[in-house]
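In what follows, structures are represented as structure tokens.
Same chain, two partners: subunit A is paired with subunit B first, then with subunit C.
And now, the complex of A and B:
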């Protein structure tokens, strides 16, 4: 009858080696899972920020005068400041993208610079969405810009073609 | 006596090796389960985002394609708001109606002033809830909801 030989010391070192390889592979896999999750969160943030920024731009586009635009921004944005004829309006969102002044996770900022002329008012508009705290697994300090749009809007004195 | 010591050492090492095997199995199950959960979450988010974004983008593209004076309007159809896109082909007036009905966005292409039921349209994309509003003459608001998430879109139009 054949005898099956079993050397426990060799098996133990093999097992320890295989456990070590497994642990290294596991750590790499967990890291990949975490990165995938945060990439998904960033993609969602970009989609939400894009929708909010574009919607605000569309609302601004629909106004006939610059005063109407400032009135809307004063009412819907929580903080505002004026420096050298540049208006800065900011509103804040929580982690679920609900407008929230206390739990500030994201900020949407509108920067408006006026340029008045005889025929009307040329307004340079920049709307950007930023994350207040940096994403995990990404070594960046301070705020991180998620989405930004920059454009100009001319408000004619007479109200323009559609303003009559 | 010597033989007995060898036996106990052997059984101790055997148990230790088996324990390591068990740790590998437990860790494997944990990693697979974690990976599955993360993948499920990613897939769920992707589906919700798809529903929200596709429905809003579809409406936005349709309106922008026909965004000229009197090109689009919002009308009520059997109690629900609908986007109506006016088109002219071979000097005949046609209308495309886009509305929310029975958990989906429907589209109906028909002659101007034709009478039809909500169910007559063609299903375009599924959505848990979709609302069409006219904020003012040149500004429309669309709200899409899918499971726990909702998204809004404003659209400024030339059609008044």
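And now, the complex of A and C:
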């Protein structure tokens, strides 16, 4: 019968050196893996926030009047406030980007300020997505802005429809 | 039966070589995962810049639309076409094409994109109003592609 025996023939100093190299490299690698994970989370958040913000903006763009826009925002956003003719609507999301009022991880805010023109209503719209708690490995306090877009929409009193 | 004994030994320095190999492999994995995540983040930021730029130029186009709408509201229905053309052309960046009663303007962004707007100017008993004929997003400069001429076999004469 064949008998296989393992004879390491290694010195203690070699083992100590190997372990110490592994420990030092392990610390660097774990840091690298952790940074990679949180960078990926940031990238995913940006993509997700972008999709939500753009989707809401396109819905706002599709309305014919400012009243329709406010009705939509009142129905789909959880909190709203009016300060100095500026409307602020906010909705919250959990860590999986599901709309959730209790487990607030992300907030999407729409700020609308009216600028009346003679022939209609020109509104300034700012939609932004924020993270309630800052990301790990980033030294920042308070909320962190993930995505923000700003634009204007003109709602004419008469005319202004799309031709064929 | 004969009893055979085989000795496998990593020898002196073998442990160190194995450790170095494992560490190198893990280092490569760590570097690759970080590179992938970082390039994803860079792409997401680039997309955000392009999107933000698009919405800024869209806002400027809407602002101009409001200016045109204001001018049209002020114009009396009995005013001549020359007067109308003069007032509309007075708006910065807006051109009025007399023959077709069409207003055109362009808003350019920072990231090689522009919005070109064409409005038909119409009127009824109440006054002048506009109809959006075209609202197009396009590139400011298109890349120049070189013509590639390939010599192909044309058959035997």
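Going forward, the second predicted complex is superposed on the first by the 143 of 164 C-alpha atoms of A that agree within 3 Å, B and C clash if a C-alpha of one lies under 4 Å from a C-alpha of the other, contacts with A are read in each partner's own complex, and residues count from 1 in each chain.
As a working rule, contacts are C-beta pairs under 8 Å (C-beta built on N, C-alpha and C of every residue); 3 or more make two chains touch, one makes a residue touch a chain.
What you see is a predicted model; the values in this text were computed from it and never measured.
K.L.:
Looking at the overlay, does A:46 come into contact with subunit B only (first), subunit C only (second), both, or neither?
P.N.:
second
K.L.:
Taking the superposition on A as described, I'd like to know which of subunit B and subunit C A:135 touches: first, second, both or neither.
P.N.:
A:135 contacts neither subunit B nor subunit C.
K.L.:
Looking at the overlay, does A:18 come into contact with subunit B only (first), subunit C only (second), both, or neither?
P.N.:
Both partners, subunit B and subunit C.
K.L.:
With the two complexes superposed on chain A, say which partner A:153 touches: subunit B (first), subunit C (second), both, or neither.
P.N.:
It touches subunit C, and subunit B stays clear.
K.L.:
Given the touch rule stated above, what does A:72 touch, subunit B (first), subunit C (second), both, or neither?
P.N.:
neither
K.L.:
Of the partners subunit B and subunit C, which touch A:29 in the superposed model: first, second, both, neither?
P.N.:
Touch partners of A:29: subunit B and subunit C.
K.L.:
Could you look at A:59 and tell me whether it touches subunit B, subunit C, both or neither (first, second, both, neither)?
P.N.:
In the superposed model, A:59 contacts subunit B only, not subunit C.
K.L.:
Taking the superposition on A as described, I'd like to know which of subunit B and subunit C A:37 touches: first, second, both or neither.
P.N.:
both
K.L.:
Going by the contact rule stated at the top, is it subunit B or subunit C that touches a larger number of residues on subunit A?
P.N.:
Larger number of subunit A residues touched: C.
K.L.:
Using the superposition on A, tell me which residues of subunit A are in contact with subunit B and, in the other complex, with subunit C.
P.N.:
Touching subunit B in the first complex and subunit C in the second, residues 8-9, 11, 15, 18-19, 22, 26, 29, 33, 36-37, 40, 43-44, 47, 54, 162 of subunit A appear in both lists.
K.L.:
Looking at the complex, which residues from subunit C come into contact with subunit A?
P.N.:
Residues of subunit C touching subunit A: 1, 3-16, 18-20, 22-23, 26-27, 30-31, 33-34, 36-38, 40-41, 43-45, 47-48, 51-52, 55-56, 58-60, 62-63, 65-67, 69-70, 72-74, 120, 122, 126, 129-133, 135.
K.L.:
Quick one: which bits of subunit A touch subunit C in the complex? Just the residue numbers, please.
P.N.:
Those residues of subunit A that touch subunit C are 1-11, 14-15, 17-19, 21-22, 25-26, 28-29, 32-33, 35-37, 39-40, 42-44, 46-47, 50, 54, 57, 117-120, 122, 124-125, 147-154, 156, 158-163.
K.L.:
Would you tell me which residues of subunit A are touching subunit B in their complex?
P.N.:
8-9, 11-12, 15-16, 18-19, 22-23, 26, 29-30, 33-34, 36-37, 40, 43-44, 47-48, 51, 54-56, 58-59, 61-62, 162
K.L.:
Please give the residue numbers of subunit B that touch subunit A in the complex, ascending.
P.N.:
Interface residues on the subunit B side: 9-10, 13-14, 16-17, 20-21, 23-24, 27-28, 31, 34-35, 38-39, 41-42, 45-46, 49, 52-53, 56, 136, 138-139, 151-156, 158, 160.
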